[in-house]
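Note that chain A is present in both complexes that follow, paired respectively with chain B and with chain C.
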Partner chain A sequence: MLPVVPSVIGYVFPNELHVTWTVMIVLYPYITGLVAGAFIVSSLYHIFGRESLRPIARFALVSSLAFLLFAPLPLLLHLGRPERAFNILITPSKTSAMAGFGIIYLTYLVIVVIEVWLTLREDMVHLAESRTGFARLFYRTLTLFDTTIDEKTKAFDHKVAKFLAALGIPVACFLHGYVGFLFGSIKANPWWSTPLMFVIFLLSAIVSGIAVLVFLFYFVSWLRKVPIDRACVGTLASFLWGFMIVDVTLELLEVLSIAYQQTREWEPLQFLILHKLFFTYVVVQLLLCSLVPFLFLAFNAIAKPREKLSNVLVFSSAVLLLVQVISMRWNVVIGGQLLSKSFRGYTTYVPGLWNKEGLVVAAVVFIVPFILLRFVDGVISLFPADTPLGAWWARRAAGKTPAVPAPFGT
Partner chain B sequence: MSEEEKKGGTLSLPEPSEKKPGGSLARRDLLKYSAAGLAGLVTLGKIDDLLAESYPTIGGSYHPDEHWWGFVVDLRKCIGCGACVRACKEENSVPDGFFRTWVERYTFLKDGRVLVDSPDGALEGFEPRADVKPEEVTKSFFVPKLCNHCEQSPCVQVCPVGASYQSPDGLVLIDKTHCIGCGYCVQACPYGCRYLNPVTGTADKCTMCYHRISKGLKTACVEACPHGARHYGDLKDPNSEVRRLLNTSRYGVLKPDLGTHPKCFYIGLDEEVV
Partner chain C sequence: MPTYARRLFVLLVILFAIGLTVRTLAVPKGFGEFGHWRAGALAEEAARTPTLQGKKVCAQCHRAEFAAHELGPHVTVQCEDCHGSGAKHVASERGSGAKVAMFRHLKQANCLACHGQLLARPKLFPTIDVKQHFAEVGVKDPKTRCQECHNPHNPLFLDHPVAEARKHPLIHPCTDCHFDKSIRTRPMPPGHVVTFQCKDCHAAIVADFAQKAHASLDCTSCHPFRRESQFSGVILKTGNPKFCLMCHESHPFKTDAKIPLIVSLQGHLNDLGAPPEDMTKRCVDCHLQDAIHQTQGLSIVETPAEAAGAKGGSGAKP
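For the complex of A and B:
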């Protein structure tokens, strides 16, 4: 039985009865985490030469861009004066950790856009050549009217893309680690204030990024009735397992070190964990969504089960880990605001449903990048032509030329 | 001055630090430029009369550089009537459910428990606690709270656009026309003094009634307090009342270990108060 907790316990400073950062601020680090994680996966192939990840590397890169484009949306929805959002770029305050957002975001955006363009350029040129009329013009526009493809241009594109991928790794780490720093640097809040926050956010970002790719890879393969690329998901599953172990270890370490030190903050934090956050932290984040996928992935890696079982284990681990990371964001962002800075009381946060910062809008914001991905997939194949998914795309495109092929599944 | 000395009750007082945050300097430059611009305009029209109308000043002019405002609450005198909370709400159009100042009641019980409450910020004062019997109580007192106008204010530090700043006279203020309403400062204030104003969409908090004190008027809460528990004044002025109080009493500040250097001092502070 879950304990029934009254909405306000003890003494909360009167201004703290309203929770300032809502579910939008839960979503923001979640989406930037997906950006960083997906990018790291594409870099594992592009930079670190993980050949088995080739079928998903390009998809990972474009996913990263899709999430990136929508990452600022929850922030905008949260701002009290969204029309002044550009003040962050115009008058950044040099003492503020948050002021770096604009610069880091734009740097990363430029890197990813160019890298995506270079990666897709060859395909765009071929598509332009094989089409007529409007479709041809469309693809030619995408190539920015530079349709030369030969060994020299290929080598050049490859070199630049590789350079950008290498540059992108530290920037992606920074983009997300910095989000952790936003919380970790708030000395007023004992649930946030730890230098570990930076690392935990980064690792959980990588976990969520790999998990979302595993999820999408299975999803698209099943939808298109294409055999699963076992080598690819196998590699993804082992990375997922490895990163989740380090991530969860650090998450536990953070709490254990406060608990063991028995500092003044521990008493209220203990109550926060065992009562206010019992369900979302202990049950969901730790037991259901960390322990279970850990066991699943461990079994998958060690016992090497039959293909069908392995698929079920890896897919459900990915889904559980996606929930793990969003519940971690919730427990940090919302949890930290439930404990009053009086250290004597706790408030409650119940998100609205239909308001600007409510659950419906949050769900829409979260789903939009996936819809964008679907449309991009309608225009250009996100998987290499010599992989089962890429071949499916080519078959579909051939059947429908000269019209722009429909997105997957239709 | 070290913490030890302060705790030991020495008579020396915190001096304004030499270091001025960049924000205030930039702002000063801005003021200078706008003043120059205005001077140009004045020659064109009769704006000087208008200005004199809207900004009455102390003895002809108010020079922020000449002051360093601080606040002193004498906890031995507060009776928890909530007059200050009502006056502040009225004076500053504080929206319902939010507080630029509020009053807390601390109730110490024989079994060692300490209970704290502040029903609706003490807007209507306090009723006797229904959940404790008078004979269980060892001591009880009230603590008015307001922005501490911290010298090293974390709220100013974190504001991404520089909308929160420290004025040259030592007050932490918010430029309502520049604030984006991100709420980062609300998270950074360790004292729960800030809120996002639902009407303006921007951060809000106590300004120590800047619009009044810069005209030589008392803050609304100081004026309303029937028991002389609240005092504001110029820490730079050796003869000010706040100086006199701090020179002659033992005082403390809230959460000194966070290094925020509050400029709201509490006479008769109990360690249970945070």
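For the complex of A and C:
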């Protein structure tokens, strides 16, 4: 007998015993959310003129690209025949939601790559001119063998980057809203089928995107022993607080509306929430990772605590909100599959550890974009030169603090 | 426009052109002609030579196996489901070239592909957990092949075709829904959904069976129910001694600590000193009453109206 037997409650259709969409499908909207969220942060500076976010705007943009490049990886790992995935790009079907995602993904990729290139071009030119040998060739190739930098080119770059950033906002919203659409449009599943799913996914994406940037900003500053840019972190914390309020409110309203309407779905969903998902939804997602960061960020915004305490509050809130969003993804993706279509039974999902869609592979997939970011940081500074982190990079490039080796030498 | 911007534009155009070229080359010929699929696939599929022959082709040579197969519950299973596709074998037998043998020696895994216990399988379909099954029937060698006891062509050694078996309403043993077999001995809780079980009609036999040596078995262990529709099926019954010997025949891979074993029916009858006229007796001719269940006592549950009629006398049949 299969080991799953004791974990089945009530009546479950035979094809529902096995949870098909695994932790990889949890990771897919999570990484896609980080893409959209990080891009929104960069746009807050580039489009909406939030000057205090300048130290992190470029880093946010490159982070968005790094996450974007690996967003489809969990999906490919989930597939038995991943090479067939390219058929949705070669022969896209008009009725396939996933084919639509392929087109939106490609469009967004082109926009972000060009915007990143234009944003980093000036630094590439400086590096190309200050290097010799292979490093020079590498940087010159990145500049497309044109190292012209003057007021005209700067104005042109800024203008085009701003246009792309403006274009990128709706595309980024589409990109992640679309992931919500993939779930929200599955009408047979009462835990997924709600038009609010698009909005909730988008807002949680922004929350996770800001949270990961706060986390990385603190982490990199701590690693390089440079002072924290308080203005930048303060603005990020304010936005994080605001977006998490709207996000969590909508998440609660969605459940509350079903509960208040007392539709026939509510009874099984109530059991799902209070039993099968009690720990991951009620304890982790709502109490620990929503209520606690809300209180921390509210205290930080209203009481203006000392710098050290503020840093602790903001950093821990960012970490908790990162966990909040992944637990939200887990509760949506896995939770929706635990409830039987009979509405009378529940199955259980325990992820494997070492298998293809297990936790170790998921952790590796999640870490890879961060490794890429580290690699890019070795090639080119992701922070403006006049910020503490940018100055650190310049000092290292000049050979004064060779703590972290650059891939192509200095 | 600066030079680098023009170069970027050219690069994008080149990438776009490469993408278009790849797409043009990658889209299969005829794709989209009739729908979102390759039109040529139809002709390609139609042109393929079938490798499966069908059991009637097998029956032309393997008459004995086919005759046994037609009696048993595997009647709906094609020969090639177990023996592999027969095109090369049939062609080689009909021609003069080298003979191509069929796949013959089934492993446990071959049988378990259908009969392994899975939650997704209907409970009325015979499935086993090998370890549990071997423990129940006293098989000590875990690698024992299924066909050491079961004849795959007629696994229950039926004497009459399944199609001629007695029609029977749908029954629901407790283990249809409950996984734990000990559920059979527990009282049904109040408010439990009404299910149709063996004891509802065969109360006396079931009660008697519970006192006999085979009481640990389900009724359906010896009288398998074969579901045919949402409401009914057939009960398979056999008096063939080979059916009993599946459990009671001695083999090196079996332990006699669990189930009484005999070397062979003939030897058993000889040991008992049976007279010549008894040498054709079947197991059930001697052991049905003492070891399995009584033969009399088919009791039909009375409806409340019938019961009332019987008590009051009104409406009683003359």
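Convention: the second predicted complex is superposed on the first by the 394 of 410 C-alpha atoms of A that agree within 3 Å, B and C clash if a C-alpha of one lies under 4 Å from a C-alpha of the other, contacts with A are read in each partner's own complex, and residues count from 1 in each chain.
Here is the rule we go by: a residue touches a chain if its C-beta (ideal position, glycine included) is under 8 Å from a C-beta of that chain, and two chains touch if they have at least 3 such contacts.
Values in this document were obtained by computation on a predicted structure and should not be read as measured data.
Engineer: Following the overlay on chain A, give me a clash-or-fit verdict for chain B and chain C.
Structural biologist: clash
Engineer: Just checking: does A:Asn189 make contact with chain B only, chain C only, both, or neither of them? Give me first, second, both or neither.
Structural biologist: first
Engineer: In the superposed arrangement, does A:Val160 touch chain B (first), chain C (second), both or neither?
Structural biologist: In the superposition, A:Val160 contacts chain C only.
Engineer: If we overlay the two complexes on their shared chain A, which of chain B and chain C does A:Met98 touch? Say first, second, both or neither.
Structural biologist: In the superposition, A:Met98 touches chain B alone.
Engineer: State whether A:Asn15 touches chain B only (first), chain C only (second), both chains, or neither.
Structural biologist: both
Engineer: Touching A:Asp146, do we find chain B (first), chain C (second), both, or neither?
Structural biologist: second
Engineer: After superposition on the shared chain, which partner residues are touched by A:Ile114: those of chain B (first), chain C (second), both, or neither?
Structural biologist: A:Ile114: touches chain C, not chain B.
Engineer: Can you give me the overlap between the chain B contact set and the chain C contact set on chain A?
Structural biologist: Residues 14-15, 17, 91, 93, which sit in both footprints.
Engineer: Touching chain A in the complex: which residues of chain C?
Structural biologist: For chain C paired with chain A, touching residues are 1-5, 7-8, 11-12, 22-23, 26-27, 31-32, 36, 117-121, 129, 179.
Engineer: Which of the residues in chain A end up touching chain C in this complex?
Structural biologist: Within the complex, chain A touches chain C at residues 1-2, 4-5, 8, 14-15, 17, 86, 89-91, 93, 110, 114, 117, 121, 143-146, 148, 152-153, 156, 160.
Engineer: Would you pull the chain A residues touching chain B in the complex into a rising list?
Structural biologist: 10-11, 13-18, 20-21, 75, 78-82, 84-85, 87-88, 91-99, 101, 182, 185-189, 337, 340-345
Engineer: Considering the complex alone, what residue numbers of chain B touch chain A?
Structural biologist: Its residues touching chain A are 21-23, 97-99, 102, 104, 115-118, 120-121, 145, 154, 156-163, 178-184, 186-197, 200-203, 258, 274.
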